[in-house]
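Heads up, the next two complexes both have chain A, just with different partners, chain B and then chain C.
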Partner chain A sequence: MLAVLVRKDLLIEFRSREILISMITFGAAITLLYAFSFRPSPESMQTFAPGLMWMVFLFVSVLALHRSHSLEKEFDAFSMILSAPVERSVLFISKYLSGFIFLVVAQMVLLPLFFLFLQLPLPANLAQMVAVFLLVDLGISAAGSLLSGIVMRVRVNEMLLPLMLFPMVTPLLISAVKSTASIMDNQPFNQWKLWFQLIVSFVIVFSLIGYLIYDYVSEE
Partner chain B sequence: MLSIQNVNKQFGYRPVLRDVSLKIKDGEFLGLVGPNGSGKSTLLRIVVRVVSCDGGSISWNGNSILNAGADQRRPLLYLGHEPGFYPPLSAAENLHLIAKLYGLEPSPADVEKNLSEVGLDPARSGPIRQFSRGMLQRLALAKALTIPWELLLLDEPTTGLDKQGKSMLSQLIETWRKDDRSLLLVSHDEEWLSSHCDRIVQLSNGRIQRSEVDGTKSVQTELVEEA
Partner chain C sequence: MESFHSRQSSKVTAGILAVFWVVVLYLVLNVTRIDPDQQMAQKIFYYHVPSAWVAGLGYLVVMFAGVLYLIMKDEKWDHLGLAAAELGTLFCALVLITGPIWAKPIWGAPWSWEPRLTTVLIMFLIYIGYFMVRNFGDEGERTRRISAVLGIAAFLNVPIIYVSVKFWAADAQLHPQPAMSQQSPDVFWTFMLSLLVFTLLFVHLLRFRVHILKLRSKVLGMRYDV
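Up next, the complex of A and B:
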């Protein structure tokens, strides 16, 4: 069932191309804005870059999370899914995974642009960078899918989602910025282990919360 | 048999359903009428767990629907007032997807046959975003032909349907009657309901006010003890 639901989200996106195009366009526009607004030395740019980078990805993720749920509302397809014999926890995981996939695909396009336009050197340890990015994406997607499920039936949900999501993911984002900065600075893992552990904990906690309570929050 | 016992629902401070109790026997066609905002659609949505209820119990063949897993909803099919499809997908893709959610794997030929049966062109591969309200309603009926169900909950099924569409719906309902399946129909059109239902229940201000047995044969004007 999980595969059916994730494939459905991907097929809808493949047909409409609404989510990825808006994510990439918006992300590229902010990246360009950063590139032309800041003209610091390469050293200071490397200090600011992780924060700017995660700010872009946080804004971009909101677009994906909101659109993914608002599509369910358009012809009230969400009621159809809720009334079908589909476990709500599986529905949460499907939204969580499809949100994660959209974010990863958008980052695959936006990250090279970010490094190129802000003239950043590639980190020496790419594997660590990829691991941190994937984990943070999982965390944003877990918290975002849960919140989108909660606010999707509220009239001003497009405003409510970022209002609730940004404070909620602040610990995750701080950890992401610190970890990314450490990786770009070639610091040994032991020095930023704590931030990495915080990211892992956030992912576990929000994935579990979503899995356990989506049944209740999805009903009107 | 569907048994609804003392169901209550409030939206904010506004009570929508107050101690509603109903029973639908196997093979029975029950019509639900009432003015706008009387709680008809909410009751249907509570039965299939789209909307939570504040109190009461609902069971299908003795098994609780409210506190059970998703499998308990399998015999119930809900066709709501809104179409319940994905606009970027085609009619066939939507039907195929919904069948998969019910654990079915219909062949393309089956899907095409069901689409033709409700008067939709199976060769039309465009997104259903371009469909009219009537076409979406026909597609919803194709869903009822694709998914096996024991109780069908239909909310305003005649909305948007033209004369031929209404006649096709009437024919389908009569076919389902022969299969000994149950139906819960919500409509404003009491005359249309009387021609298809064994019993009509009126909801007003969230309470059951009136129950007519066998169309218009017997009328009880007071609250009916259904349980």
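Up next, the complex of A and C:
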């Protein structure tokens, strides 16, 4: 059932291409703005790059997360899904996974652009970088899918999602920026282990909260 | 339904609060010793710390009320949760106001990215979102349900926020580390009394607010009946 639900989300996206295209264009536009407004020396850029990078991805993720639930409002699709014999927590995981996939795909395009436009040196330890990125994406998607399910229920929800999401993911964002900075700085894992642990705890806490209480969010 | 202020228990609590509020003020200004380094600025501590405690208590109540609401679906738990969220945010605002008043003369700058202060600010922002959800949602059961979920998620996030902010700004650890047991008795007991008065004030306001919310939902219920 989970596979069917995720496949549905991906298929809709494959046919309409509205989420990924807007994510990538928006992300590229912010990256360009950064490049223009900072026009920095390469050293100072390296100091700011991790923070700027994660801000781009956080902004971009809002588009996917908001769409993942607002899509279901059209033609009242959500009630139909709810009337199908699907467990609500499975529904949460499907939203969680499709959000994660969109975020990863968008990053695969945006990250090279970011390094190219801001003329950053590639980090030596790519495996660590990939691991951190995947985990943080899981965290953003977990908290975001839960909040997106919540704000879908109220008016002016496109405005509310970032308002709720940004303060909620501050710990994740701080840890992501710190880990990314350490990796780009070639520091040994021991020195930034704490940030990695914080990311993991955030992912676990919000995946569990979502899994356990999405039932109450989705109920009609 | 009798009015809140005409109840015996409300009168007693309000009386105790009125008397002890003045007592605390007197003790703070005239009895407790003056800190040699911080002078009068230190006095705000008797109001700043209890405000922070009540804010935390408020948000804790929001979480428990949320859990109970989701289990029992009884509207009274939603009233409790909303009232506690409002008071928690009010006292959060007091913390955010009294903190900089104290910090300006002592640290030389009104704001520092100190973990406790930052955590309070983030919680404040999260709960602003909570109220927006409540305001933009309808009056129905669904809004109450999602607010309960939000209250739970927000509170479980506090420890993660605190740890992350603490290690993010490790150089900003300027906040006085509380060591109440080492304080002289006048400071200790005045502080404890202030804590008690603030807690009682919280309980009193909470009951008042819950009462009003109950009336409100009764009136709304009548409107739909007609």
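The definition used in the following text is that the second predicted complex is superposed on the first by the 219 of 220 C-alpha atoms of A that agree within 3 Å, B and C clash if a C-alpha of one lies under 4 Å from a C-alpha of the other, contacts with A are read in each partner's own complex, and residues count from 1 in each chain.
The working rule: a residue touches a chain if its C-beta (ideal position, glycine included) is under 8 Å from a C-beta of that chain, and two chains touch if they have at least 3 such contacts.
Everything numeric in this text was worked out from a predicted model, so none of it was measured.
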**Message:** Just to be sure I read the superposition right, which of the two partners does A:Gln128 touch: chain B = first, chain C = second, or both, or neither?
**Reply:** neither
**Request:** Applying the touch criterion given at the start, work out whether A:Ser22 contacts chain B, chain C, both or neither, answering first, second, both or neither.
**Result:** neither
**Asked** For A:Leu82, is the partner it touches chain B (first), chain C (second), both, or none of the two (neither)?
**Response** first
**Touching partner for A:Glu219 - first (chain B), second (chain C), both, neither** = both
**Prompt:** Which partner, chain B or chain C, is in contact with more residues of chain A?
**Reply:** C
**Request:** With the two complexes superposed on chain A, say which partner A:Glu74 touches: chain B (first), chain C (second), both, or neither.
**Result:** first
**Request:** In the overlay, answer first, second, both or neither for which of chain B and chain C A:Val205 touches.
**Result:** second
**Request:** Once the structures are superposed on A, label A:Met1 by its partner contacts, choosing first (chain B), second (chain C), both or neither.
**Result:** first
**Item:** Set intersection of chain A contacts, chain C complex versus chain B complex
**Value:** 216, 219-220
**Request:** Sort out for me which residues of chain B touch chain A in the complex.
**Result:** 45, 48-52, 69-74, 76-78, 80, 82-89, 93, 97-98, 100-103, 127-128, 136
**Request:** Spell out the residues on chain C that touch chain A in their complex, using ranges where they run on.
**Result:** 70, 122, 125-126, 128-129, 132-133, 136-138, 142-143, 145-146, 148-150, 152-154, 156-157, 160-161, 163-165, 167-168
**Prompt:** Any idea which chain A residues touch chain C in the complex?
**Reply:** 143, 146, 150-151, 153-157, 160, 163-164, 166-168, 170-172, 174-175, 178, 194-195, 198, 201-202, 205-206, 209, 213, 216-217, 219-220
**Item:** List of chain A residues in touch with chain B within their complex
**Value:** 1, 4, 8, 11-12, 15-16, 71, 74-77, 79-88, 216, 219-220
